[in-house]
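These notes concern the structure reproduced below.
When the chains are written out, they are named A, B and C in that same order, and each has its own residue count from 1.
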Amino acid sequence: MSAFDDQSQLRGAHLQERIGNTALWTLSLITVLPILGIVIFIIYKGIPGISWEFLTSMPSNGMREGGILPAIIGTFLLTLGCFLFAVPLGIAAGIYMADYAADTPMTRAIRIAIISLAGVPSVVYGLFGLGLFVIFFQMGVSILAAAMTLAIMTLPVVISTTEESLRTVPNAFRVVSISLGATRWQTIRRIIMKEGMPGILTGVILGLERAAVETAPILFTGAAFYLPTLPTSPLDPTMALPYHIYVISTQVPGMPLTIQYATVLVMLTFVLIMNIVATIIRSRARAKRQW
Amino acid sequence: MFKSNPIRTDRNITYIIKIAGYSCILFLALIFFFLLRNGLPALKDTGLDELFKTIWYPTEGYFGILPLLFGSLLVTFTAVLIALPFGVGTAVFISEIAPQAMKETLKPLVEILAGMPSVVLGFIGIVVLVPFMQKTFNLPTGLAALTGAILLGLIAIPTVVSIAEDAMNAVPQSYRQAAIAMGATRWQTIWGVTVPAARTGILTAIMLGIGRTLGETMAVMMVTGNAAVMPEGLNALIQPVRTMTATIASEMGEVATGSAHYAVLFFIGIVLFVFSLIINILASWVSTRGRKRSERILS
Amino acid sequence: MVNPMDIIQIENYYITYADGAESLRKINLRIKTNAINVLFGPAGGGKSTLLRAINRLNDLTDVKEVKGRILFKGKDILDPKLDVTELRRKIGIVFSRPMPLPMTVSQNVSYGLEVAGERDRRKLDEAVEKALRLAFLWDEVYDRLNDPANAISGGQQQRLCMARVLALEPEVIMLDEPTSALDPVSTARIEDLLQDLKAKYTIILVPHNVQQSSRMADHASFFLQSELIETGEGKKLFVAPKDKRTQDYVEGRFG
């Protein structure tokens, strides 16, 4: 005997289901349509401004003409610095959490620290970078200070993805390796890291991509708007793409819209490329996996 | 055969890796320390009661942070109100209803939104949303709390979707099968069984969405008008407002190191830091407790 | 006094784990050299725990308490001066599921030698061939040495795991239900292999049923609920056990 003895009750429930499904379908559409719209809109409006000169020449006339080369180079340098400071340390810490840390209060404290670091607002990182690197370490407003600030902000992402990626490697490999006379580090180096590398790589790429497009942490630690020349030392300030976008869209009177759209398009392209690279790495690794 | 070398290497590497692991605690402590070092003077020089007044006019010496606090709360609260139905609804759709093909189109789209830099969304806000708000609500500029809330809602949605979806995927298939076996329709199963079973994860998703929204700087800064006035009544939504994050970002550049203004900005940073800490630790505690509870039930 | 015939001696051994997993109580056992020593009994009896204690594989897990000692050739395996990696090379282990490492067939076999420091390509290749021949696998995989190890069949993989251990020229080979995932033909192959190997090596075998126990045992020990109930030579335990519990298990009254 089914729960629906009454035919009309059955019809009612089905109607409810159809209405509900349509409602959710509409909701989801409304959620994702803006994304598509935004991407298409930026591409459409920004392409006219893109040219080889735009990407490789210096700006002129107070940014209203010319190219965005210093912003691109600045973002590249900041991302490079972030990589150098965050990735080795982050991977090591991730290895610690996955393969060395026992279930002790200290480990739980470290985990809380990682979660907390991940939740700190980007502008607070900016304040921290200002207080520690710019002022206390006397680096001044510089690429170095900004890169290190970005690095600490990126650290939790690298650690989490490394740990997660290493944890998915089957434990059987560790047991077998040890039983054949390998040390823990040999096991990690030869097997675990090798198998977990695609996951780690993906996490690093996405973490660096996020660092490259953040504005608030570099606002008072390294970013400048109008610099007549490219930076020559790590202690110089630099222009950067995200900051550049912010200023030209809010603070430069008479700023041609095409250049604004074009600059945004450059950043968008960078983001999309990074995501595609990460996805490719992830899917190729899954196909080649021997487990 | 080199017998001692691998063992010595192993010991040295263990040392280095342990230090790397502990470094996270060091960095968190450093952040705490430097925020306090630069921000506590505000308590001394300006004083707690002065800080919690309703006028923010630093150039004249008024350091009341309440307009900023409420500005943040207003924008965040409204943003979450927007993100919740869309985020959870999309998550339910993706995890329970959508056919595989639709799932594989929707998920990457949400991920693209997740990867959108906030400056880019702020820019879109300026060129599209602000004129729209101006026209629709007949506003002088269209820079308003609601504009910011819509953008922030958009920013928070991917977080809500991905965590809520994970939560619902984690609900064992046996729950759904049991409901269907008792004669429930798929719709009834979703809202009667699956979603309640995933409620811890959905709660976590909302909390992390709040955390994300509270800490957002650039997008709000670009579209909310940055007027540091106390939001009053529902009307405040269509009026300019200023968040704590935008205040720090826009004023820090012009402030003298060590001045009272400088210290108060750091103080606002401490407030933001503490808020985010509480939200994130709460969210992770909720999610761990929920996971332990379901492990007990399922074992 | 260490009897030279007993390559491993377990004396009054107790072990408990932090998570309350399978433990051991008051184990006194001698592993006879160059023989197949069978440890049998129902699941949860402590046999796997004992194997992992012997080659200190349990260093990887949270051990709460250890009492008594295990001697390998007269030396305490927990002696801090002892090179534990060398211990594990001398006492190899094969698990119940074939667990090939994510590398080629040849790399699996040479792995132990490489981590021990051997770099000479020629010596490694020779050792790989020798080990594969010992495990009766060479003829089947000599042309697939560079294929990924998980491309060969289950039975072949298990013999690969044996070759892996043999390449290190161990003195003791421990096998924890090595044929439980295999078909009868592959099972018979492994059993024949073990009979061949016992001349040069000492075998500790945890079989996965009573029949295999009685087929293979030169010496047998019955484990029940973390304790060693009785031990005996040859087929004695299966034909005329002294303890009623052994008799019940052997006759299939429980298991």
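What we mean here is this: a residue touches a chain if its C-beta (ideal position, glycine included) is under 8 Å from a C-beta of that chain, and two chains touch if they have at least 3 such contacts.
Please read all numbers here as calculations on a predicted model, not as lab measurements.
Q: If you connect every pair of chains that touch, what shape comes out? Choose line, ring, star, complete or other.
A: Per interface graph, the chains form a complete graph.
Q: With contacts counted as C-beta pairs, which pair of chains has the highest total?
A: A-B
Q: Report the chain ID whose CA centroid sits closest to the centroid of the full protein CA set.
A: A
Q: Roughly how many whole angstrom separate the Cα centroids of chain A and chain B?
A: Computed value for the inter-centroid distance: 16 Å.
Q: Return the distance between the CA-based centres of chain A and chain C, expressed in whole Å.
A: The computed centroid separation for chain A versus chain C comes out at 48 Å.
Q: Rounded to the nearest whole Å, what is the centre-to-centre distance of chain B and chain C, using the mean of the C-alpha atoms as each centre?
A: Measuring from centre to centre gives 54 Å for this pair.
Q: Give me the residues of chain C that touch two or more other chains.
A: 85-86, 115-116
Q: Hunt down the residues of chain A that sit against at least two other chains at once, touch-wise.
A: Counting only residues that touch two or more other chains, chain A contributes 182-183, 186.
Q: Using the touch definition from the top, which residues of chain B touch two or more other chains?
A: Those would be 6-7.
Q: So in the complex, the part of chain C that touches chain A is made up of which residues?
A: Interface residues on chain C, with respect to chain A: 55, 57, 59-60, 62, 85-86, 88-89, 92-93, 95, 97, 99, 101-103, 111-112, 115-116, 148-150, 164-165, 168.
Q: Looking at the complex, which residues from chain A come into contact with chain C?
A: 102-103, 172-183, 186, 190-191, 194-195, 289-291
Q: Which residues of chain B touch chain A in their complex?
A: Those residues of chain B that touch chain A are 6-7, 9-10, 13-14, 16-18, 20-25, 27-28, 30-31, 34-35, 37-38, 85-87, 89-90, 92-94, 97-98, 106, 109-113, 115-124, 126-128, 154, 157, 161, 182-188, 211, 214-218, 221-222, 245, 248-249, 252-253, 257, 265-266, 269, 272-273, 276-277, 279-281, 284.
Q: Under the touch definition given earlier, write down the residues of chain A that touch chain B in their complex.
A: 2-4, 13-14, 16-17, 20-21, 23-25, 27-28, 30-32, 34-36, 38-39, 41-42, 89, 92-93, 95-97, 100-101, 109-110, 112-128, 130-132, 135-136, 152, 155-156, 159, 182-186, 206, 209-210, 213-216, 219-220, 242, 245-246, 249-250, 257, 260, 264, 267-268, 271-272, 274-275
Q: Per the contact definition, I'd like the list of chain C residues that touch chain B in the complex.
A: Against chain B, chain C makes touches at 83, 85-86, 115-118.
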